[in-house]
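Note that chain A is present in both complexes that follow, paired respectively with chain B and with chain C.
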Partner chain A sequence: MKINAIKLTNFLCYSGEDNEIRFDEGLNLIIGANGYGKTKLYDAFHWVFFDWITDQKGNSKYTADLKKDLISKKALETTKSGTVLCKVEIEVQTNKSNYLLTRKYFVNKTENGELREADKSSIKVEKKNVLEYLPLKLGENGDYKDFEEFVNIKIIPTNILAHIWFQGERGISKAIDTSNASTLHSVISKISYIDIWEKYIEISGDAYRRTKDEFDRKMTTSTKKKNEYELKKTQLNNIDKKIQRNEDILKNCQQEYSLLDENLDKITLSSEAQDKVYELKVKQQSSKKDISLLSDSIKVKEDRIDRDLFDFSWIIHGTTYMHEQFDEMYRNYGFTLHQELQELNKNIRLPELPKGSPKETDIREMLKKEHCLVCDRPAPKDSEYYENIKRLLPINYPTTNKQIENGFHKKILKNISESNISITISSKYFQTKAEAQQETYFKQADKLRELNENEEKLKETEIQLLSNLGLNSLEDGIINVKNIRSLVKDRDKLTREITILQNTLKEDREEFEKINQSIVDSGKNEVDELLIKKLSYFESLHKASKDAKSSQYIKLVTLLEEETNKHYENINKNTGAFYGVIKFHRNPNTEGYYAKIHDDNDSDVTDNLNTSQILAMRLSILLAILSTNKKKNFNKKYPLISDAPNSAFDAKKRLSLLKEIGSTFDQSIVMMFEYLINDPERPNRYMIDKTALHQLTTEMQNLGVKINVIMLDIPNEINPKQMNQLSIAVNKIKL
Partner chain B sequence: MSSTIIEKLYKKEPRFPKQYEYLFTAFSRKGGGSDEERKNKSKVFRNDYEFYMYAFFTGIRHKHRITNRSIVISKRKVWNIQNWQPQKLRDYMMSCVLVEAKIPLREYDFMNEKKLNEKSVELKDIIEEYTHGGLSIIDGRYEEDRHYFNETFAFTNFVFEK
Partner chain C sequence: MDKLDRIKTLLDNPDLMDKHNYTEKDVEELILTGREKHSNEFIEFILVSVSSMNENRKGTNRAAAGRLIKNVEQMLFT
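And then the complex of A and B:
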């Protein structure tokens, strides 16, 4: 199959009808800057064959999802009313015929500008009949059941296409998942005739069973050994049932194991990566805790900043001379008061009672008891006797102002003085304390700054780690690690079960063989010798078919590995960087293989390699899938179509890859943005880097590979920012 | 029984020049509302009277007393002195005022009610005059460097500045 041409009419950014690209044998290099229609061209191939294109997230978007979005904005804008047709035609050449595949989609634009979108696209297949294309009928009464069947039979098997049409890194990873053991297993079937061995196994098995039935019939009719035979036969049946039951269980276990393995692959993180995820999470949590504690402490200090001016009276710093003066005033006050009181006491003479009068205390006692103790008679209050007793009390004390005498302000001044002492006593340490407090604060602030910087670094590490591991968040990583650990645990358990089952099966099969052999031996004198020989022959044939399939499978794996390494070496050898050797690792519990890269010490270094190397490994396997089987010759039969397969490669590796693709496939169509430089005569436009391209063409010519270069351009008059004006010009480059 | 000179002074509400109102707005918390509250949280002085005391002691520290009575007085309230906290600082402030009044303390014992009332007004004037002095110093520093008081510990450092 060869693709002769593709013609795009109003498909995405390709407005108008003049977008035809003709392809040759060899390498067809489609060069275009970002936004110049490379991916849309790749999409056009996909749309014709599958009715869907890939969106930016790698999801398939069918015509029914996209509808008018498939049509050039410019075409929609410039068509005032009527039908706006979007069409992609691909001319395909096979060994026997030429076909024209056309997929169409349209919308109707009404007079007032409304769009009426068709629900689906249509596909037409035409076959070239000498000079003109005649339509092929698809469907119930047609030549083929549907378009898919036609493509599979006449153009390209879609399971092969999945490995040779891919877009960007994501597309490559999708086309070949090297960490999934079952992917390489299915590849083996595609590249080889191994499935034919299943047929041999089936035929030889049938022959053996038929002969065995015949043998059984003879033995059961033999009267001599009938009982012995039936006993052994029962034993054999029991073991056979056990074997079958265990084989079923083993098959289920292996399926479960594959499923587990597949799930594990999807979320696989190396043990080193798992440790890194955990370590980072722990560091982040610890850092957050430290920051939180220190922030709280600093916040408390910040809230308290300058509060000690009041709480510890620092505010009075430098004013204590006032306290000294007040203290002196207060002492003078006390002294004056004392002096005055002494003077006053000197001048006061208390009057004395007349001689023979009772003591003052006795007089007060008599008044209290209202009884005269001298006359020993009652003296009730307000009576003459009572008044007479009362007159005996001294009444002529000097009258003075008590407030002044005792010092009216004495108490409050005392309070003030005492209060002053309490706050001024440590005033000489105020500054030292303030400085110490500030020092603590600034130390903590520095520490917080350091922690925050560390936090930023941890964030950067997190971004880097997430990017390296392809995770959305660290939490996802933790969940993955937990899932991995749980899955690994389950897988280990399953491995143990599989081993036990395999051992049991081995023992049972040996036992089965032993009994079977003894039956055959005992039948030697009972049945025809020829039947015995026939039985033995078919048994050996059946066994040999199984062994052959197994060894053929291993041989194919080795071949695929060798072919992969040839491509891998060719892509890498001129780069000067480490690339190692690809090795396929057998999964002991299934028939699958993992692809790994080994260094010179034969250590698996896959997890330590960069994206470029992993990509090179995947591309090499993809090339090998097509090129390994020289009889099937897929690489000569089918064209490789790839958009940006080299995004992670440097110039040297890119050149090696193109050479490898060119020399592997009879036809390849590769889109890339390299080999362009700014066009000095056209602002914001590019031109071909002729020097770089010359090197490529020379090297391709040296390999005997034809090269055809097409440049995708945006015409000068078009403003690329206006989607409704966008159109692409297709220019063939003269080499 | 009549009140002491201190008790009379405690009942007074000192004022300050209107021209320094902006300093109170800038440095002391006032008002409510969530936004206002957040903004206020960064302020050093929890009440106007705290900033008033700070200004007073600044005046005392720098022995800077402004006796100009012809200035426009702010209507912004700083509460009666008896409400000012902490009490120890309030008492210390009283002792400073009594020192500055230069009247022997014993004389207050002999003053009658009328005289005590007159004297308490004079003592309040002393507080206002030193506060005025302190505010003019703070204002001077603020004018020199608008960001000075935004720095951490600025008000503490300003106290200890030589």
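And then the complex of A and C:
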């Protein structure tokens, strides 16, 4: 089957009729920026085939849920009144015929702008007859019971669609789930004809039961061993009931285990990441506690220092008071002294000099100069003249220094001395205390600064860790870790229950076989030998069928593992990064298999690998599911359609992936954001990255794979955010 | 997997070899075209059973089991 073209009319963001994309064999690369219609194009395929599209959470939304939302906003806006039709047409080519599949939906717009929505869409199938398409009848009298049957038989088996048409990482994860018996069966049945063993098991089991019934009837009618047989039969029935009950419980446990595993897989936080999240949270809590305690302590210290400062200010105040008192006393003392001196001086009568004597100052000047200023002649020291002048000086002057009263003076000095001692003691005590407190305070302040710096570092670590793990907050991470630990605990509990049940079942089955064999043995002389042989043979056939299915499963898983590793190596080998080997691990609890990546030492390193490597592993499994069985040849028969399969890949791995898809599938349609760069001439618009695209084209040509590139663009005049104006331009790129 | 492969897969079972007295060599040497009835009755039973179960007839597995019993009885009686 090949898809030749798709034409979209007023479907979602594709307004108008001019939206046709023609596909070739080989790789069809649809390039478009986010919001440029890639996913809507992917949705268009699903809408035509299944009448639903996928919402952002991966849920299917049917036409009945969406109604007018399926129609281009621009078409709804620009149509004044009347019918607004949305339509997607797909031209499909099979080995024998060409078909045109058309799905339509419409609303009627009244003149006052009211919308009347149709309840459902309609599908039309036309088959090409030489030149024109003629309608194909579906329904009771038609060629096919319904459209689903037509698609399943003529176009593509619906059970492989999930594996061959997928969107992003979520789609891939769903398609490759091999983690439990049921999903593994879904995968294995794609790569083998495992169903044939199930058919053998059922037929041989039925044949054995019917033969056993015949044997039982014969034994019941036997007179000799009737009682013995009935006793054993009762035992057998009881064990059988127990086995059936335990099988049901085991099945429930296994389903529960798969669900737990699925939930655990959704949380996707490696054990190392869990430890990091917890470690960081514990560090943050401890840091917060330390900061809080230290801040409280500093606050107390600051308060104490404030109190001490208050005390000190009182000391200072007291000292000032003392100084004031001293000054006042001193002033009083000076004033008293001055007054007493004045009083004293009043009472002193100085001797008068003889009339015409020079003043005392002149006399002293003359003595100093040793010269008589009266007669203007020298008067050297020790001479008669000098002595004569000296005699003129008054000789009995009273003293001018009055002695202060002793008691008054002593009292003041004593007061001052006592005050000074008191001040010195208080100051020293305060100084010692304040210094000790300051030292502690500064030490604690330094520690607080250190803790705050550490807190900042922890915040940086948190941002980094959240970014690496794709978490919104550390609290989310903690919730995830708690969920994981709780789920792991539940899973471990279930594992123990499953092991006990499996052991009990094994013992009971052995006991069942033993009693059963003893019944058959006891019937050897009672019933027809051929019946005994028939019973034994059917029992063996039933066992052989079950064993064959189990051994085939193991072989097929090994085959799937080998094919997966071929694709995995091709996607990774030129990237230069570590990629290891994929190994499938059997889980006895679910009877399914888990894919894991091993390093050179054969250690499971899956949890330590980045998203890109896990995605490469999943894509490789997906490609292997479709390519392992060379007879079924899904990869050659049907086109792969994928939207954004490579979001986590770098340029090298993206190139390898496209080469692998191109060389695995005869036709593939891949939508992606890459191979675009900003257009310098058109703001907020993109243009083809010619260098990167040239490299891809060359590599594809070297592989002999055709490549067809379509670019989805939004016309310059349209604002991509205005949904009611939006239209998409489909441009085929010349290579 | 063709019919002969399926038969060999069913017979390639140590427990059954022991129980029904046949060897790996017997399994390896098996051919389908132009053969006579096999000397080991269980191997012959498996050959008949696979042919019967492979019959492409419409109907349920229960009906197929009925046909299988009939074909095996026929084989054992002749």
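We adopt the following convention: the second predicted complex is superposed on the first by the 371 of 735 C-alpha atoms of A that agree within 3 Å, B and C clash if a C-alpha of one lies under 4 Å from a C-alpha of the other, contacts with A are read in each partner's own complex, and residues count from 1 in each chain.
Following the convention adopted for this analysis, a contact is a pair of C-beta atoms (placed from the backbone, for glycine too) under 8 Å apart; a residue touches a chain by one contact, two chains touch by 3 or more.
Computed from a prediction, not measured in an experiment: that's the story for all the values here.
K.L.:
Touching A:K199, do we find chain B (first), chain C (second), both, or neither?
P.N.:
second
K.L.:
In the superposed arrangement, does chain B or chain C reach more residues of chain A?
P.N.:
B
K.L.:
With both complexes superposed on chain A, which partner does A:R210 reach: first (chain B), second (chain C), both or neither?
P.N.:
Once the two structures are laid over each other on A, A:R210 reaches chain C alone.
K.L.:
Quick one: is A:E360 in contact with chain B, with chain C, with both, or with neither? Answer first, second, both or neither.
P.N.:
A:E360 sits against neither chain B nor chain C.
K.L.:
Using the touch definition from the top, say if A:F310 reaches chain B (first), chain C (second), both or neither.
P.N.:
A:F310 sits against chain B, while chain C stays out of touch.
K.L.:
On the A-aligned overlay, A:E475 touches which partner chain: chain B = first, chain C = second, or both, or neither?
P.N.:
Neither partner.
K.L.:
Please give the residue numbers of chain B that touch chain A in the complex, ascending.
P.N.:
1, 4-7, 41, 44, 50, 53-54, 57, 60-61, 85-89, 91-92, 94-96, 98-99, 104-106, 108-110, 152-157, 159-160
K.L.:
Which chain C residues qualify as touching chain A in the complex?
P.N.:
1, 6, 9-11, 13, 15-16, 19-20, 41-42, 45-46, 49, 53, 61-62, 64-66, 68-69, 72-73, 76-77
K.L.:
Quick check on the complex: what are the chain A residues that touch chain B?
P.N.:
Chain A reaches chain B through residues 302-303, 305-311, 313-319, 322-323, 325-326, 329-330, 332-333, 336-337, 403-404, 407-410, 412-413, 415-417, 419-420, 422-424, 430-431, 434, 438, 441.
K.L.:
Which bits of chain A are touching chain C when the two form their complex?
P.N.:
Per the stated touch rule, the residues are 192-193, 196, 199-200, 202-204, 206-207, 210-211, 530, 533-534, 536-538, 540-541, 543-545, 547-548, 551-552.
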